[in-house]
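Below is a structure I'd like to ask you about.
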Amino acid sequence: MKKIEAIVRSSKFDDVKNALSDIHVDFFTFMEVKGFGKQKTEHIVYRGAVYDVGYIARMKLEIYSTDDAYEEIVKIILNSAKTGEIGDGKVIVTDITEMWSVRLGTKNESAL
Amino acid sequence: MKKIEAIVRSSKFDDVKNALSDIHVDFFTFMEVKGFGKQKTEHIVYRGAVYDVGYIARMKLEIYSTDDAYEEIVKIILNSAKTGEIGDGKVIVTDITEMWSVRLGTKNESAL
Amino acid sequence: MKKIEAIVRSSKFDDVKNALSDIHVDFFTFMEVKGFGKQKTEHIVYRGAVYDVGYIARMKLEIYSTDDAYEEIVKIILNSAKTGEIGDGKVIVTDITEMWSVRLGTKNESAL
Amino acid sequence: MDEGLYIANNLWILIATILVFIMHLGFASLEAGLVRKKNTVNILFKNTMIVSIGLLTYYIIGYGLMYPGGEGGGFFGFKQFGIEEPGDLASLLAASSEGFVMPSWTDFIFQGMFAATCATIVSGAVAERIKLGSFLIFVTIFVAISYPITGMWQWGGGWLNVMGFYDFAGSTLVHAVGGFAALAGILLLGARTGKYTDKGIKPIPGHSLPFATLGVFLLWFGWFGFNGGSVLSADAASVGKVFVTTSLAAAGGTVGAFIISYVMFKTHDLSMVLNGVLGGLVGITAGADLMSPMEAIAIGGIAGAIIPLSVVFFDKMKLDDPVGATSVHLVCGIWGTLAVGIFGSSAGLGQLWIQFVGVSTIGLFTFAFAFILFYILKVTIGIRVTEEEELKGLDISEHEMSAYSSSDTVAYNLNVQ
Amino acid sequence: MDEGLYIANNLWILIATILVFIMHLGFASLEAGLVRKKNTVNILFKNTMIVSIGLLTYYIIGYGLMYPGGEGGGFFGFKQFGIEEPGDLASLLAASSEGFVMPSWTDFIFQGMFAATCATIVSGAVAERIKLGSFLIFVTIFVAISYPITGMWQWGGGWLNVMGFYDFAGSTLVHAVGGFAALAGILLLGARTGKYTDKGIKPIPGHSLPFATLGVFLLWFGWFGFNGGSVLSADAASVGKVFVTTSLAAAGGTVGAFIISYVMFKTHDLSMVLNGVLGGLVGITAGADLMSPMEAIAIGGIAGAIIPLSVVFFDKMKLDDPVGATSVHLVCGIWGTLAVGIFGSSAGLGQLWIQFVGVSTIGLFTFAFAFILFYILKVTIGIRVTEEEELKGLDISEHEMSAYSSSDTVAYNLNVQ
Amino acid sequence: MDEGLYIANNLWILIATILVFIMHLGFASLEAGLVRKKNTVNILFKNTMIVSIGLLTYYIIGYGLMYPGGEGGGFFGFKQFGIEEPGDLASLLAASSEGFVMPSWTDFIFQGMFAATCATIVSGAVAERIKLGSFLIFVTIFVAISYPITGMWQWGGGWLNVMGFYDFAGSTLVHAVGGFAALAGILLLGARTGKYTDKGIKPIPGHSLPFATLGVFLLWFGWFGFNGGSVLSADAASVGKVFVTTSLAAAGGTVGAFIISYVMFKTHDLSMVLNGVLGGLVGITAGADLMSPMEAIAIGGIAGAIIPLSVVFFDKMKLDDPVGATSVHLVCGIWGTLAVGIFGSSAGLGQLWIQFVGVSTIGLFTFAFAFILFYILKVTIGIRVTEEEELKGLDISEHEMSAYSSSDTVAYNLNVQ
């Protein structure tokens, strides 16, 4: 089993979601995160003082997948999240030792 | 060392927490996440237009544990988070290469 | 490739960020999380009833790094996040199977 | 009466009307601030409906029930549906030779704003668990029938008035009446899920203290009209005096609640002090025109001091009141009513007894009316949402919307790229 | 006129001025509540600027255009820049022998508060996508020139007034005028990105219903001055009557929108009910002094019932109005204007025709003026922000700030250690 | 005086009282909006306490200090504790034969609302770091003693009044006085931790600009009473004029701040424009009855233009003022006081000198009083919270509560299952 983690632009989230849905990956978990990276951040002006926010809001997706399916998922994310400009984000894959479904009590592939 | 990640219903969070506490697992980290899954989402009506929210708010727990203890923890989560209805969530286990306590500077088991 | 996850005090976040910056680790992702641990939590009083919040707001950093660099990064975090009081947090390291840059489509070291 | 004087008197009552109107916003803000985020739309919805329903029913039958005219001294009467048109200015002036007599428009709209107020008090106490439909039915019937009947006993020249009961602007007639109805609702509804646990009382803090504070200031603001308008003319000395006593009682209530809540809880609970302001205002309402400034401070200070005690008491009784409406309106309403027999120009044991009779008979009637009405609703269409709906929050389950939406799939943050 | 009477009359208009002033806060709150978080600073900024720009331009030329004096009956006139000083009290009293004549200060400031109102209506409808600079230029010119010209036709003694058109406090002159200008803006701007998709209409909920509710209550509060002040004296019977009709129409609007939106959507949409309150208020505004209470309830009730229908209709037409300004001010403004020919003491086919002529000529002029002005701005400096700016939100792209900042790198939470 | 006229005059002062009262909500909202989330309960708590403490102390000794009666022309006097009851209406009318003389109730409550205002100004400037207890002690003593003493110099018929100093509604007596006390507090407290760093000034944005905007509109609203009531009668020409100058100055202030802040920062900072509105209002306050409309626009416009310059200047001096109270109330208060010698019917070098003498002597006295009082508190019980408490926020450390709680362990979101 694999766990795919993708950090993408918030504005690309819907595209990624739709692209995943096209290959029938409808189950995943996501959260809002913040990132420091190469991309320059906005500046804010308040009462005469200028400051950089310093971070950029991003979305992180976590997808649990079988060892067979993960490569396609990674490919789809890389394609759909891409703008080509600095700030597109990263995708990483790690190995899952065990995975369980709470509802079914089943393990690994059968837990998806 | 193992890292246990559990995605559970928000409404089951307190039960899971209490069940963990009963087996003296009092230390963990959690965050609010959102999930797409089999469970149907609520719809919202605003000025005549109906829409599905599309995701469901869930809680994610992260527990670092020894290789000995993790199986019991997983079992406890699977039991306490279960309703039997679609949407109960997942538990995954991954291997930790190293773990450190910031306060003590100690490693692995002694860092817990 | 390694993934470093650090759970630190919110109040130490800026110190950690600056220390990392000093060794030119400028890219990472972070999020707000909540933790149960040994540290006692604040209590709140509302209309005569006292209650413990029960958790403490913390920051979680995720840094993807090469196999060569990660030890230094861990050391820097351990140093900069430390107060010596209960509640300093944990750092864990896990192995990344694959890592991709969305913008470049490159893999592992070249994806950083 | 001189035309200029007549116009000035009338103008003041109209302005007082506007001030009492804005108390509805005060209640809406206070209650919205003191409930959880997930029930905010619901409480705002209820308070928006209440003022409109209250005005309509008061126009249709409430005014006729409350001011039946005739000999007076009775328990019940009814004049007519709707209200009569006032005569022309000349006839109004003529009718006012012995003192200012309001045109019927002015009288109705001023009284109409009061009527809805007592329903708003109930709304806060039963918040976060009552069914919207049942609540609206309750309010419609309660404001249309129960409030004007007890109102008539005193302000409509009924038996309490004849007996010598004194309730200047409604410590009993408005506030305690709202509070008794609220108590009936609380008893039949039960506490919010999770409030009273084996391990003790779980506090459920309000989601926005800025809104709660806004509400309390608006209520004080409106109270200048509530009490000041109850002079029923713009009399230079009386209205000014009522302003002074009202404000000093509110100030006393603030300080009373500040001190006692610090003594009891060793901290500075804003929600208590806000309730203290209101307690002081409710307390002075029955005798705002009878008290000296020092007496007003005393009455307000005691009312404010009662608040933390009362809040803790109701919680001990497991009577769950999210906004403290029973402490503010019921307990301080009773206190204010009795205070007329203790302080001020009417003080005396005889008066105290009459005050007691007044507040208890009105209380009994109102409580019985509200209890029976809520009970009928309970056994027919039900008054409480399901536990699942309560957990989700009434905003989603009753309104399918959310008070603070992030309208995109993700809450686009400051620096969306 | 007796001095006391004169002072009381003048006082009421001044107080009404204050009440109309606070309607600007009402609009600002309502509109802020109904837009997304990321455009909140922008809408607040616009509404703060509008009231100031409106007062300044109305002082400089608006008042002179609207009240040109002379014989009357015309289409256009101009008296002077600025306003004349009133004479002393004696001369004011002398001038008022046949009825109250306001001092010029009072007249100007009361009228000036109205002027800015109609610009505020536009602000809500074009929110979340219009360029700040272009909007401010539009408002300045529109309030300085277009509003006073059509205002003169009726209130300045122009041709519509001579013809017998009736618009008591401005269902047409203020509300429909704002609504027509809003419509021109919506047409030229286009909908917000992502609102109308292939899959249907994507709702974009407002970010704070508590603020929206606050706004509506403040608007109702201010409407007592808007309508009540339009009596142009403190006449005891008239002002009271206007208070009654205004409040009952608002109550009717609430209930009308409540019922129809429940029938249509099977839920209780707070935003619809809030629009219903306003619909009822706009509807009664043209004939607030002519209607009986029951007629007021009917006019308000119908206005409220129109709201959900109208909102759905505009959405079908892909006319994107984030706050429902066109439904509330344009549609209910037209309805209220026509209602003068249907209900109340002036009802009749002849009057209905005149009302129709009035609202359509004013509508045509206003729409054309606003359309041309927006069009010129569109082809010169542009009126719409870029899609990227829209996505980021106008707060960041136009103001480089955020309405709800968490001022630390991280939002320090409850229990920061 | 005719009874109708007397009643109308009195009525206006009472209504002005209500309007000044609501300025406390304006300050509370503005300050709450401009501080960080974690200090919101604290600022609301302070502002709720201030108005009550202010009214009580002003009743007990403030009024007696400010209006000592007697020959006048002095530096200090004291009449009595509490206030005298006014006589009956006949005697009030008799006393008013030469012009309106307020009943003592009215006079006290109107003045009492002013008193607390100047303390509220301090509250914003010292926000986010002052100890609650010390602040409340400071306010109690300052409002009880210092404010009425300098107030007496002018409004109580003291030496400045005899000298010819002019301060219509309190640019100096209220606003600059509050500002000078604020300055003393800022100096002794020091800046908020992290504000002035090696790398420059770190802005600390307010957590809710909607609340800040709400506050500013409410302040403008209340200012109609603040300035309009300071006519001390309902005189038809004067009150109207004051309404016009006050509004146009506010409008001028808006535009002035808009332009200058755009020139300086190349963006549209809402917080600056909001301060600009207030700057315009403070600026016109000293001479609201002396200025023509154009002069009012000029005074307000200059005040607004000063705001961004002043804010930047104080920041350069490392005087940390979270809400801009010193810029608005101190700087524009001084400007408005001097403007009486530059513009309007009293302009002239002689008057300018007297204005200068007035504002500087009052400023010196106030600053010294406040500095010494804060200093004593600093060396005894301390005036500043610990750095840890500041980091956590005063809401948790002083009140053990949070302004926006999510009351469940987790913030149950839209779709909790």
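Each chain gets a letter, A, B, C, D, E and F, in the order it is written, and its residues are counted from 1.
Throughout what follows, a contact is a pair of C-beta atoms (placed from the backbone, for glycine too) under 8 Å apart; a residue touches a chain by one contact, two chains touch by 3 or more.
Fair warning: this is a prediction, and the values are worked out from it, not measured in the lab.
S.K.: Among C-F, A-F or C-D, whose interface repeats B-D's (more than half the contact pairs identical)?
M.R.: Of the listed options, the interface copy of B-D is C-F.
S.K.: Counting C-beta pairs in contact, which chain pair has more, C-D or D-F?
M.R.: D-F
S.K.: Counting only Cα atoms for the centres, state how far subunit A is from subunit B in Å.
M.R.: One centre to the other, that is 18 Å.
S.K.: Using Cα averages as centroids, what's the distance between subunit B and subunit F in whole Å?
M.R.: 52
S.K.: If you average the CA atoms of subunit A and of subunit E, how far apart do the two points sit, in angstrom?
M.R.: About 46 Å separates the centre of subunit A from that of subunit E.
S.K.: Two-or-more-chain contact residues of subunit D, please, as numbers and ranges.
M.R.: Within subunit D, residues 2-8, 11, 15, 203-205, 208, 214, 267, 269, 271, 391-392, 396, 400-402, 405, 409, 411-412, 414-416 contact more than one other chain.
S.K.: Enumerate the residues of subunit C that touch no fewer than two other chains.
M.R.: Within subunit C, the residues that touch at least two other chains are 11, 17, 31-32, 42, 44-46, 55, 87, 94-95.
S.K.: Can you check the complex and tell me which residues of subunit F touch subunit C?
M.R.: Going through subunit F, the ones touching subunit C are 391-392, 396, 400-402, 405, 409.
S.K.: With touch defined as at the start, can you tell me which subunit D residues reach subunit C in the complex?
M.R.: Contact set of subunit D toward subunit C: 200-205, 261, 264-265, 267, 269, 271-272, 308, 311-312, 315, 324.
S.K.: Where on subunit B is subunit C touching in the complex?
M.R.: Residues 1, 3, 17, 26-31, 62, 64, 94-103, 105, 111 of subunit B touch subunit C in their complex.
S.K.: Which residues of subunit A touch subunit E once you look at their complex with the stated criterion?
M.R.: These residues of subunit A touch subunit E: 11, 42-46, 54-55.
S.K.: Subunit C touches which residues of subunit A in the complex?
M.R.: So the residues of subunit A touching subunit C come out as 2, 6-8, 31-38, 55, 58, 60, 74, 77-78, 81-95.
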